[in-house]
Amino acid sequence: MEMIRAKVYVTLKSGILDPQGETVKGALETLGFAGVQDVRIGKFMVITLNGVGREDATRNIEEMCKKLLANPVIEDYRFEVEEA
Amino acid sequence: MEMIRAKVYVTLKSGILDPQGETVKGALETLGFAGVQDVRIGKFMVITLNGVGREDATRNIEEMCKKLLANPVIEDYRFEVEEA
Amino acid sequence: MRFGIIVFPGSNCELDCQWVLHDILGQQAELIWHKEQELKDYDCLILPGGFAHGDYLRTGAIARFSPIMKAVEDHARRGGLVMGICNGFQILCEAGLLPGMLLRNTTLSFICRQVYMRVETTETPFTGTCATGQVLRVPINHNEGRYYADDRTLARLKTNKQVVFRYVTSAGELFEKANPNGSLDHVAGVCNEQRNVLGLMPHPERAAEPLLGSASGRAIFESIINYGRALSPASR
Amino acid sequence: MKEPAITEEIIAAHNLTQDEYQRVLTILGREPTFTELGIFSVMWSEHCSYKSSKVHLQHLPTSGPRVLQGPGENAGVVDLGEGLAAVFKMESHNHPSYIEPYQGAATGVGGIIRDIFTMGARPITLLDSLRFGPLTEAKNRYLMGGVVAGISGYGNAVGVPTVGGEVVFAECYSHNPLVNVLCLGIAPVDKLFFARTGGIGNPVIYVGAKTGRDGIHGATMASETFDEKSEERRPTVQVGDPFREKLLIEACLELMQSDVLVGIQDMGAAGLTCSSCEMASRGGTGVEIDVQLVPRRERGMSPYEVMLSESQERMLLVVRQGTEGTVREIFAKYDLDAVVVGRVTGDGMMRVREGNRVVASIPAKALVDDAPVYHRPLMRPVWQDDVQRLNLEEIALPRDYGEVLLRLLASPTIASKAMVWERYDHMLFLNTVVGPGSDAVVLRLKETEKGIALATDGNGRYTFLDPFTGGMIAVAEAARNVVASGGEPVAITNCLNFGDPTRPEIAWQFAEAVRGMGAACRALHTPVTGGNVSLYNETTGKAIFPTPIIGMLGILAHISHATTQTWKAAGDVVALLGETREELGGSEYLKVCHGLLQGRPPMMDLEMEYRVQRCCLEAIQAGLVRSAHDCSDGGLAVALAEACMSNPDRPIGVDVSLADPLRPDALLFGESQSRIILSLREADLDRLKAIASHHGVVVTPIGRTGGDRFICRGRGFHVDLPLSRLDRAWREALPSYFGQREDA
C-alpha cells in the first residue's frame, strides 16, 4: 500500500479575533507594505500515513481533525489527501 | 483594482526537530489512529491585499516572507496569490 | 557606568533590570522606548525579557524592526556592549546580531524555575569576574528557549569559544536532565565573534538578591561594571 | 437596519421574567426598543445585578480601619501605610472556561487585571484558584490543561506574575470547573481613580481594542445553567490579546500621571453598556454614546451588538474637556485607538445613538438602582442530615498508615502543584520572597520594609456538608495561611461559586455560607472589600459543591518576618500549636481511603482560631519560628510530610511521637482546625511556651527535624518511610496524569 500525504489547514472561524494576525498586519504596515487589508494566521499540518488506503486515510484525517487537530469552538479545518 | 488573496505556507526546515508535531503524532496514536508516519506543523497565513495589482502583490508577498513572515535559519516558505 | 535599557511594546523586565542596576548596584540605568531613533552614549545596552509584540509570529520577529534597532546595531558595531536577556536574546538572534535561533521548548510548555548554568568562558566582558566552570543558579522564564544553530554555525561557535553559558546540574555536569528546554548542546547563552554582544535565556536580574533566593546572577552585572571600569578607570 | 419587534419569545430569550419585563415598562413608560431590551437584560442578569445574592451579602462586614474602599467599586482598596494602597479583587470565569478552557481562563485573567489598573494601581500579582473533576477522565485533563495554559499564556505575556493559587479536584466539578482569579495591584493612596463622569459635557473616550461580535450575551450566559444547547452558543467565544492589554495597562497608568482623567471604567461583562451606565449612575449624570463612532473589527454590526459586545481589552474614559489631545497622544505612543464616542449629559439618561437616530434612552440611575432584588425562598435540604451522619465505629482502621500517607500524598488535591506553577512566571517584578509552594505568597513592598501576604482558600466539601461551618473555615484557613507566612490578616476578597439560586436548597447553602464567612470575618477582624458571585454552576440539574473561595490579604510589618513551611535545619524542635480532636468528617482521608463524603466538617471555634493565629504571629515576629505550616487537607501527617519535602533542593526528615489518645487515623489524617506546625531552635522553646500560655493556646513539642526518613509513631501506629518515597508519590502524581498530552 502506498504512502499518503494529507495537508490539513486549520483556520480561526471568521469573526473570531486573531490578535496575532492583527499584530502582523500592523507590522507589515510599519514596514511600508501598502494595501494590507487583513491577515489571518492559522496552522498548516502535513501528516504522512503509511499502509492506509486513500479512502480510509480520508476518513481518518477527517476524524483526526474533529477529535484533535482543530478546536471546533473557534477553528475550522479543511484538508487534502494525496499520494506521496 | 481587485482584491488579492495570498496564501502563505511557512514550514520548519526538514531536519529541525518539531516537538509539537511529534506530540500530535503520539496523541494520534494514543487515540488509535494507525499508520501515522510523521506529523509536521507549520503556519498557514491568509493575507488580503487591496488596491494592489497581481504582479505587485506577488512581489510584495515574496518580500514580506523574506523580511518578516519566515525566518530563513529555521523555516521555508511558499505562497500562492489569487484574486479574491 | 551608563546602562540603557530598551523597552519594546510588550517587554516586561525593564523595571527589574533597572532596579538591579540602579538600586542594587548603584549604576546609571535609563529606559529607552523602542520608537526612539538615537541613543545617547551608553556603555552597555540591555534588551530585557518579556513578550515584545506579544511574541506573535515568532519571538523577536517584529521587534527587530523597531526604530531603535538601527542604533542598537551601530552601537554593537562600534564595539559597545549589548546584552539580551530572554526575549532580548531572541530579538538579537532575529536581528542577526547573534548566531542561531530560539525555538519552542521541547516540553511544549512555558517554564519558570531555577536552573544552573556553567560559565564556559571568562573571555567576555560579561563573565570577566567569574571563574571558568563556575556554576550560577539563575531562573529561566520562557516558552521558546531551545537554542538551535546549524552544524557549521555550532562548530564555529565552539572554535571561537562563543558559547558563554551551558545548562548543567548543580554540580556542574552536562546531564540531559539539566537541560530544561532541549537546547542544542545545552547552550544557555552565546556571544558574537567580537564578544561584545551577549544573549542568554536565564534571567540574571532575578538572581541578584539573597532575599529572592539567589544572588549568583550578580556576577554577570559585576563583570560588566568591572570591564567598564578597566576601560576608563578615571572617568568611572 | 430594522430592529426586531419585541415578542414574548424575544423577552424570554433575554432571560427576563414577566415581572422583570413589567419593571422595564414601568421605568420607560413605554415598550423598549430591541437595543433597550438587550441593555436591560445584561444589566439585570445575575452577573451584573447580584439580584439573588444582594440580600445576603449586605450582612457581611465591610469596614475597618484599613479599608479605604469596600465593595461597590471595581476592586477593594486597603491602606498599607507609607502612602501605599493595595487594590485587589477576585473574579470567576467558570462558564467560559468550560466552553473554551484556554480562552475562557485567559480572558478571565485579562478581566480581573483591568479591574485593578482601572483604579490606578499597577497590577503586581495574580493567584488562581481552580477546581476540576477527577483527572482520570480525559475531558477533565483537557479542561485543566487548557485552563492552566490559558492562565500561563495570558498572565505571562501581559506581564503580571501568577505567584500562587490552588487546585482541588472533586467529581462535582467535572462539568463545571471553577476558574477564580485574584489580582492585586499597588497604588499611591492619593492617586486612586474611580468610575465617575464628573461635569456635564466631559468627553467619553473609548480606548483599546476594536469591537467585534465577541461574547454577545456572555453576561446572560454566565447566569444560566448548562444544558446540551450550550454547545451551540460557542461562536460567541472571546479571544484574549495579552499584548494589547499590556499596552493598555501602560497607557492608562501613564495617563493617570497627568491631570486629565475624571473617571475610568473597564469594559467587562456587558461591555459598553455596563461601563457607560454605571459611570453615569455613580456620577449622577447622563451619558450619550454614538455607536457609529465606536471602532469596530467587523462589518455590519447593529447598535445592539456594539452595546452588548464583550470584546476584550477595552476601557472607557471620561476626561476633562479639552484634554482629548493629551489622551490621543499617550495612546498613540502605544499604537492604541482612543476615540471620543460620546459625552456626559445633564439629563440622567443613558442615550445611545446611531448617528442621528436614537436607539436607546433609559434613565441611567433606574437601570442600575432599580434592578430587581430577590429574597429567594430558602430551605435546608432534606438530605443534609443524611450526609452529616457519620459513625466512626463503622470506619475500619487502616492496616498500614504509611500506605495511607502515600495515597494521600498522591491524591491530586494534595499532590505537589509544581507542574502548574512552573508554567507561570512567578518572579516578575522581583517581589516574590515566598513564592508558590508554601502556605501563602509573600511579596516585598520595594522601598519600604514591609511585605504583603496573600492566600486563597475554600473547601467545597466542608461547605457541602455544613455551609455555615464551611464558610467560617474558608476565611479562617485563608487567614491561618497568611499568619503562618508571617503576615497579619487585614481584609478579604472572595468568589462565591454556587448552583441555581432559584432552588431553595441552593439559596439556603448560599445564605448559610455567607453567614459563616461574615462571622469569621468579624472574629478575625478581616472585613470584606469586594468579590464576585457566580451562580448557576450546575449542569443538567446537578450543582457543584457550594464553594466560597476567600482571597486573604495580610501585611508583614517587616519583610524579615516572611516564613515558609519547610524545615530549615536538622535538629530543630517540631511543635504543634492547637489541639487535635477526633474529627474525620469531610476529610480527604475519608474520601480517598473510604470513598466517603460524609460527616460534619471539623468544628470551628473562632475565638480559639484567633488566639492560635495571634500566638503564631507573635512567635514569628519575635524571631522564634524557623518554619510554620497550617494543617489542612490530609491532616497532621500530610502537613509534616510537606514540611519535609517542599524545598526540593534540601529535603529534611522528621521524627515525631504523638501521644494523644485518639484513633490513629483521626490523629494522623483528621483535619481539626486551628492547628499550625512550627519548627524552632531548641533554645527558643521556652519562649514559645510563654507566648502560647499568654494567648491560652496549647503548644506541644512533638519531635525533631533531621535525617532522611519520615518517622511518626504513637499508640497503635509506627510510620517509618524514606523521604524519597514520599517525595516520589507527592511530586509525580500530577504529571503522571499528563504523560500523554491531549491538548497539543
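Order as written gives the chain letters A, B, C and D; numbering starts at 1 within each chain.
Criterion: a residue touches a chain if its C-beta (ideal position, glycine included) is under 8 Å from a C-beta of that chain, and two chains touch if they have at least 3 such contacts.
Please read all numbers here as calculations on a predicted model, not as lab measurements.
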In this assembly, which chains make contact with chain A and also with chain C?
B, D
More contacts between chains, B-C or A-D
A-D
Separation of mean Cα positions, chain D and chain A [Å, integer]
37
How far is the middle of chain A from the middle of chain B, if each middle is the mean of its Cα atoms, in Å?
9
In whole angstrom, what separates the CA-based centres of chain B and chain D?
41
Separation of chain B from chain C, taking each centre as the mean of its C-alpha atoms, in whole Å:
31
What residues in chain B touch two or more of the other chains?
20, 23-24, 27, 68-69
Identify all positions of chain D at which a residue touches two or more other chains, and write them in rising order.
241, 243-244, 335, 741-742, 744
Counting only residues that touch at least two other chains, what does the list for chain C look like?
53-54, 56-57, 62, 65, 108
In the complex of these two chains, what residues of chain D are touching chain C?
149, 152-153, 156-157, 159, 241-244, 246-247, 333-335, 421-430, 432-433, 444, 446, 559, 649, 741, 744
Can you list the residues on chain C that touch chain B in the complex?
57-58, 61-62, 65, 94, 100-101, 103-108, 148-150, 182
Residues on chain C engaged by chain A in the complex (per definition of touch):
53-54, 56-57, 62, 65
Okay, in this complex, where on chain A does chain C touch?
19-20, 23-24, 27, 30-31, 41
Give the list of chain B residues in touch with chain C in this complex.
16-17, 19-20, 23, 68-69, 71, 73-74
